[in-house]
Structure formats: structure tokens, C-alpha cells
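In the two complexes below, chain A is the common chain; its partner is chain B in one and chain C in the other.
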Partner chain A sequence: MNQAENVLEMRAVSKLYGSRPVLDRLDLAISTGGIVGLLGKNGAGKTTLLRCALGLAKPQHGTVTILGEPAWNLSASAKELIGYVPQTPQLYHWMRVQHIIDYTGSFYRRWNAQLARDLVADWKIPPDQRAGTLSVGEAQKLAIVLALAHEPDFLLLDEPVASLDPAARREFLKVVLEIAAGGSRSVLFSTHITSDLERVANHVAILQNGQISFFGELGELKDQIKRLRLISTNTFPERFELPGILRQRIEGNQALVTTRTITPELLDKIETSWHATVEIQDLNLEEIFLELHDDE
Partner chain B sequence: MMNSFLHVARSYAGRYRFWIFPALYVLLPLMMKPDSFAGPAGRAAAAILLVYSALLAGLLCGLVALHLRRQLSGPAVYLVPRFAEIQLTFGAVIAILVCVVYPASIAAIFGLSVVQAVGVHALAAVLMAAVLLWPKSFLGLLLFPAVLVVWETYQLPAAAFWTQLFEGESGPAGVMFVAALLAYPLAAFAYLRTCDRTTEYCDDLMVDRPPESPSRLKEWLLRFRDAAIEWRIGCRASLAQCVRRWQTPCLVSWWEVGALVCLLSALIASVTYSAGASGGMAIATLAGGVALFLPLGSWRFRCRALSYEIMRPVSRPRFVRQFMTAMLGDFLRWTIVATLIFGSAFAASAWFEPQAGIGMPWKPLSMLWAVAALLYGIAALTVRLRYWLPWLLALFVASSTGVGMLTSVLQNLGLQTRLVYPTFVALFVLLGAVFVAVTYRRWLMMEIT
Partner chain C sequence: MAADFLFQVFPNSGLPIYRQLLDQVRRHVVSGRVSEGDFLPSVRQVALELEVNPMTVSKAYSLLERDGVVEHVRGQGMRIAPRPKPSENGSLRERQERLLPLVEQVAAEAYQLHLSSAQVKVLIDRVFKELDGK
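So, the complex of A and B:
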């Protein structure tokens, strides 16, 4: 991937909190037009990754460039092209919704006031209400409006839909898809809701042990990781020693094996070695996530 | 049971405020000499000690009440057996120690009236009950010194209660004590029965959430803030306008500030007219001192939203400069308020007591601005810290003491007497500037959480 095409490049990034490494020589490159879903368990470092990407946190090692600039020293023009929704939006609760929108808009040259108005109306956020009296979901929606209304080229969202109801979530995902529809804008968002990610993301990054254990297209991930259901006339050994096995459950002559490298040779080997019939099962993203994190 | 009390004690021990303020409270009387309360002058010294001690006791009890509210607002109150009972018992024990046992012991040691001491400190217990019910009543703490002012300056029937109390008569002291005894359990009961408790309750006094439906008066007042917000949002081009824009989410408007100054000036004028210059000056000192600390609340909250603010399309160095300048602007505004309050006190004194020959108050005003400069520097340095308030107070006390010691060392080394005061002021300003420079460097490298 060419660096010029990448909106985000993280190379050998390490970030420690005290002596605990959260990111460990992590590499990640996101190209223009990508909608990347960032998956990881609680405490895996998703928020830290996003904060390093935005220059809010400084890694101890490695380089981070966003829109071609070092993340730590972003210029005003680069920031103009970035939208960010933090995990817990801190709004000024004594200010009215409309005032917060106007205040935020006053910093941006290409603030789309009409888009902000439309989103506020669509999501039924009361513009005259003070932010402190908004529900958690409404505050989250307002934070998303503030991140979207200047039509950023690169949108980073830290679990943006966690507090939204299904209807608002769907509306939000629609907006994200619209943003990326032209192919010139990019989105990186972390989430626990894998069904949302499946709906909009064209790429998935899985953060595990401080590193990106998988980055690629969603279909590619699903093609890679399969579950094999094995039934044999003989009793299986206690463990299979095969390459790429993520998880295995063996009971007598039946076994469930999840693997990330399924090849015709592997299937042949299983069938001939243990006289087993092999059924290949597809997994959805949530199942893949669980399989990947089963040993932790 | 004992184990539960240990757990409750740990919830207090983990907060710096419950180390610093009790230490100050305990140390304050111990710094006095026993013979300083003898004679007529000693009576005034004893009264001042009692009021300051009650002030610290009130501060401590108010913080305990806020802590109690925080504890009692969580789900543990429903889930853990006898949770509320243990918390409230612990709070009551603290109240008894702070409001009865310690002041009575100190009074006995210094040969003061035990009745008087306990009676005055009962105010702290009443405040604790009030804060438990309504956190904003913490501001009632400011009434404590006002009690002293009223006691010193008026002999009205309404003030007779306080006069008798300060003279050690048992009647008013008994009333205060009974009020304190009743107030705490009643407040605790009312709080537990009536309050809508949520786990999101915040004990940050400076900035609390607006209620679901604010009163008409409050909504009317908030409109001034809305107007100020709209005016600041419109600012875009010059540095001054950029700074003004960064001040948009600040908590108060010029209208409110102006109204406050007018009210205080009228109060100072009336007190000076009826009770002399000392009464007006006492109110000015109190209100001016408080005004210097008022900007802290909104900037503390602003710092929580820095991850938003720093992502505005402004480079990091420029953001830090504009943000700190906007903060300076807010401090300047409140220092001007304090100056106006002092100015009105001096003007009232010169008008009503021309024979006193009060000249231009350059010294106190220069000191006021020097303190403001130091406070701004310390506030900038500490406002992002987790335990910002204890750090701020500690640094302020340490800096003032350090400057005082340095000045006296310079005096011993031959500094001319007429230069002592300017040196003192200059050192305050210099120290404030050093803190600002350190903060600027730190903020350029800060990680935003």
C-alpha cells in the first residue's frame, strides 16, 4: 500500500501505561475510502490505538502519521479534515444543544450547518435543551453530529453506537455509509457490536495482544477462518497438531476444530490420517471473534 | 461490623482532601500560644480563632457530606446490607469529633469557654446536614465569617443571639447544639427517603448538572449566559476574538458579573455607612478573595473535555496559547471584579469616614493583582491534575510562605524597607509567570485523557 494513499499509517507503535504494554510494535495502514472496523476485547487497546492515531497520546516507540502528517503535531488544516467521537463524549452541560453546535461550527471553515440541522432533526435531539439534561443516547448522537457536520475526510469513532437504540444505530450506519460512498473518505471505528461492523465495514482490524492480528476485508476473514466438524470411526487423539488451529474440542470420535488456514491438503490429511468425514462450517464475525479470543 | 467501618474509613483515606483539611483543622489552634487569649485583645483573638476553626470544620463537614452523598447514591445502598447505616454512623462520628470533641478539648486547653466553642462549631454540623440535602448549600460556608462581621459590627436584636453565643452564654450554644443534633439525622433520613439517587451523581461542586426543569428565575438568569455564548460564538478573526471564542463555554456572563458587583457595592456601602469602614472592608476582603477563585470551576470542567477541544482545527502550540490566554482572560475578569469590590469599599470609606484620611489603596490592590497572577499560574499548573484542589491549595500556601521567607531573607541581607513590599509583590508575579511557563511546556507535550 502506498503511503500517499493511506489516511493512517502506524508503524511499530508501542504504547505502555506504566510497565504494561497496551500496543506492542503495532502496524496498521488504512487507505483512503476504507471503512475499517476495529475489533478487540475490553482492554485490548482500541481506545489507545485511536488516541495515538489522533495525537492525543504519544507512543513510546514507532511512528504515526494521519493524513500524511505526524499525529502528534497535526496542523490546523489536517485537523479540519478529521472527525472524532470519543467513547464518553464530554459536552458542556450548561450549554444548549444549538449553542454547542454553533460553538463547534465556529472553528470550521467547511461546516455544513444544514447537515447538522438535518441530523439533529432526524435524530430528534432537542436543539433548545441544555446538554446536561440529554439522555446518554442523545448526548452520543449530538457528539456524532459534531463529528460529522464539518464533513471530515477521515472519521474516527470510539464505540460510537454503544448508547444508541437500534433505530438510531441504523440511521448512524446509513450516514457512515453515505460518507464513505464517494470513495474519498475513510472511517475507522471501534465497536463491540459485530453485526453493525458486518453491515458497514469493508475492512476489519482485530487487535489482540497489542498487535493487529488480522487486517483485511471482511470476506477474506470469513474465507480464512472456518470451523471443521469431524466425525471418525476411530477415536481422535487428545490434540491435533495442525498448522493454524485456533481452537479444538475433541470428544471421542467427534471433534470441532476452528482453523485459519484451510487448504485441500489439510482436509486430505485429516480424512486420510483419521478416516474422518469433514464438514466445513462458515462462521459469522461474532463467532470468529470468540474463536480468536478463546484462549485468552 | 468493625470490618465494615474499616472499609468506610478506606473510602475516606483514599481521597487527599480528607488528609489535607483535617490536618489544617487540627493544626490551626495548635499554632496559637496559650497566653495569646489573655486580656481584652485576647477575647478578639479567641473569637477570630473560633470563627476560622468553625470555617475549617464547616469545610471538612461539607466535604464529608458530599462524600456521603456520593456513597449513598450508588447501587451499594440497595445491595449491601446495612450500607447506609454504616456510612451515616461513620459520618456522624466524624461530625461529633469535628464539631464537639476537638473544639471542646481545644477550648479546655486554652482556657476558653467550652460552651462557646461547641456552640460556634455546631454551625458546621448544621452545614453538613444542609449539604447532605442540597449540595449547593455548601456556599453557606461563606456565612461563617459574615457571622463574625455581624457580631462585631451590629448590636441589633437579630444579632443578639450571635453576640450572646460569642460571649459564651449557654442559651444560644444550647440551641445551636440541639439544632446540630437534630439536623444531621433528619437530613440523612430525608435524603434517603426522598432523593432520586443515581450512580452518576457527581460531587464536583463547581459545576453541577442543570436540573431537569430549572426554576423560572434560574432560567431567566441563564438567558444572560446564553446571550454571552451567542456573542462569543460570533468571534472569529483576531487573536482577541479567538480567545473570546475559546471562552464560549465559560460559566458566567458579564451581566451576571456586573449584577454581582453592583449588589456587593451596595452592601459594602450600607455596611460602611452603618458600621464603619472595618465592616465594609471585611466584606470586600471576603468577597474579593472568593472572586479570585471563581474561574476555577469552569476551567476545571473544560479540561475534562480537552480531547474534544484539542481536535479543533488549530495546531497544538496555537491551541495551548489560545486556551491558556482564554483562561487568563477569565482570571482577569474576576480580578477586575475583586478590584471593583475593593474599590467600592475604599470609596465608601472615603465618603462616609473622610476623617480617617484613607488614601489610594495602591498596596492592597497591587497585592490583589499579584495574588491573582500567582493563583492563575498555580491554577494552570494544577487544573488538569486528578487531585487538583488539594494541589492548588498546597501550592498556594507553599508559594506564599516561600515568598514571605525569601523576602525576609533579602531584608536581612540589606534590602531597603521601602522595597520590601514591591519585592514581595514582584516575587508573587514572577512565580506566577514561572508556573505559566512550566504549564505551557507541559501542555505542549501532554497526553489527553
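So, the complex of A and C:
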């Protein structure tokens, strides 16, 4: 595969369940190398997006290309380069952990048995236990091992850490970082736990109303979206009519305004129009996420 | 010579991680804790140690390089660059202009705190003295 190519390209993708559009002419392009966090509220369509990306669900409109191939018609050799951990892992409950690993490995030409053994040991998954008797967290860890051991070029994870405890989550994030450290492999993972994303993701995609409302560097997002605390000697109007305002709360001569982009012009305008002093507050990802979803 | 660098980041802060790294290197340079010729740890090393994305670290490093704080040495990594000579940094006026926004900020804060320009100067002199002592 051409390294400069996008690992995933979704163009004008619409996916409807009944008459309800979950994805609504969605565009998303993910380039090779790096970790992209897909962020969205419960029910925003994160799972649907990942399933469409993998060719497990067929959108009614638009095109999906993964590793240079149409998602709905993936060749076996492309599938071999993809790793996927679904939200609810499907494991053969009657098989023992080690047997599932050996069985899964037999499907892949590139299977790193040593890596699988190391992860099982590190994550303390009992190798002789039947999958059906594993705890939710252990089952999720096993699913992650199965998705990692063939050393995929593109790893897609659907809420991979939802049922892991904080220690296991950090372990998992470390593995994801090691995968991406080489620069040639890509990871896309959905989550609603913003703190995990803040640590490891270099890009964030925010899924909102069936579309990607923000895609870019995480640092850029934090640089752009700011909350302004305004205090004036005069009383503020009831509403500020300024471009890029996401949310505003005004109380007499005090105001809190969240803005999508902060420019010196905007600050000048506020200072001169309302004789206000401006304090710029940084927002972390969770706060940004909440501010972006305030109108819903 | 590799500098003893102990980066610390708070991923859940509103300040992007790359900015936190930038600030720490700058502070280390200004305070004299690292000096010209010291090497920064590699991107990979920092990323794995802090458990953050390598691209974030590399963004911080390239911005430091752009600003002339560090220089890239082929095969060896990032080295703290010599402080540019006054002439390379522009005329006196240009250099003053560059500092102006920070001074304005200091003046505004001082005004809020009812500190006079002379009282602020005492602080500035103290900080300068500490720097020269290093």
C-alpha cells in the first residue's frame, strides 16, 4: 500500500436505520500513521461509522475506501491488514483462551504468537479458562489481543476501554502508542472517555448530528476553542452577536462566552465595544465537548 | 551530552500538551538548568515515558527548532542552540517591539494589583539578578 495514501476515506456517507439518518452525508479522511480519536455522545453513531468503515454495514449513499479498497468489497489481503475490536467482543464461549488465540492465529499469515503470549501474561488473562467464564474486562482484553497479534496496519477499536479499570486502560493505551510510534500504522478508536483521548490521540474527530463537526489536531482544538470571562463597568446586552460564539451566559456586567476561534480582532472588538476586561480561559477536551453539545 | 530532562505533562489540562512541553524547555533554558549544547531526549523516549502521542512531542520540538531554541543535529537529535547574538535578533527597536505584548500584560496585571512601575521594576531587577547568577 502506498504510504502517502489515506487509510480511510469516507465521502458523503449516509446510513439510515428506517428513516432515521445516523450518518448524514459524512466526510472523513484519515491519513496513514497516527492515532485518531472518534468522539461522540452515546447514540451519535460512532459504532455505525466504524462498521461502515469496515464494510460490516452498507451505507445507502456515499463511498467508503479503506486501505485503498472499497470497504464493501474488501480482499482477503486487505482484511489481513486490519484489526478490529467491537464494542461487545464475539468470542467462542466454549473455547479456552489459548485455543481461541491459536485458532485465530491460524487465519493470518502474519501472526506474532510471542506478542499474543506477552500480552496475555501482562494483562493476566487466564490462558486455560473458557472464554464464556471470563469477566467482561478480561473478555475485552482478549479481544484486543486477538486484534493486535497479527500486527495490523490499521486498527479500529470501538469503545475499547469502556470496561477496563484505570490501570488496564493505561496499559492498553501504552500498547496503542507503541503501535503508532513507528509512524506507519494507524489507529482509529471511538470513545466517550475524553481523558484517554487527550493523552494518546494526535487527531480528534467529533461526530455530531451524523457529521464530523470537527476534525483536526487535538492541540489545535484546544488552541482554538476558548472561554472568555468578561467584566465591564457597563451592563452587557442580552446577547452578543459575534461570529463563532458557541455558548454565552450573560449576567449584568459579567459574561462567559465560549468561542470557536479566538482572534485579536475579536478581543479588540469586545474590549472597545463594551469597555470590558477579558480573561481567556483554556478548556480541556471534556469541557470543549460539553460546550459543543450545549445546544442539543 | 544529554540534559537531565524531567518533562511533566497534564493531558487533561486546557493547555495543549505540545505547549506544555514548549514552555518547560523554554523555562529550563531561561533558568539555566540546561545550557547550550545539551541534547533533549528523543521524541520516542519522551513519548513512551510520558505515555503521550509521539506526534505531539515532535510538534513541540519542531516549534522549538523554528524559534531557534534548539537545533537539529543529524543523527543525534535536538540540541539547545546558542542564544542568538543581539545583532542576529534584530535592531534594539525590533527586539523591544517583540517584548511589548508581554510588558503590556504585566502592566495590566500590575495595575489591577495597584503596583506602580517602580514597584514592578524591583521584581524585574530581582529576576534578572537570578538569571545572571546562573
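Basically, the second predicted complex is superposed on the first by the 292 of 296 C-alpha atoms of A that agree within 3 Å, B and C clash if a C-alpha of one lies under 4 Å from a C-alpha of the other, contacts with A are read in each partner's own complex, and residues count from 1 in each chain.
In the analysis below, a residue touches a chain if its C-beta (ideal position, glycine included) is under 8 Å from a C-beta of that chain, and two chains touch if they have at least 3 such contacts.
Remember, it's a predicted structure, so these values are computed and weren't measured experimentally.
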item: First (chain B), second (chain C), both or neither touched by A:198; value: second
item: Touching partner for A:287 - first (chain B), second (chain C), both, neither; value: second
item: First, second, both or neither for A:82, with chain B first and chain C second; value: first
item: Which superposed partner A:181 touches (first chain B, second chain C, both, neither); value: second
item: Touched partner set for A:263, first chain B, second chain C, both or neither; value: neither
item: Which of chain B and chain C A:99 touches, first, second, both or neither; value: first
item: Overlap of chain C and chain B interfaces on chain A (superposed complexes); value: none
item: Contact set on chain B toward chain A in their complex; value: 207, 209-212, 222, 225-226, 229-230, 233-236, 245, 248-249, 251, 301, 304-305, 307-308, 310-316, 318, 445, 447-448
item: Residues of chain C that touch chain A when the two form their complex; value: 11-19, 44, 47-48, 51-56, 59
item: In the complex with chain C, residue positions of chain A that touch it; value: 34-35, 170, 173-174, 177-178, 180-181, 183, 194-195, 198-202, 217-220, 222-223, 281-287
item: For the chain A and chain B complex, residues of the former touching the latter; value: 51, 54-58, 72-77, 79-80, 82, 84, 86, 89-96, 99, 102-104, 106-109, 130, 132-133, 146
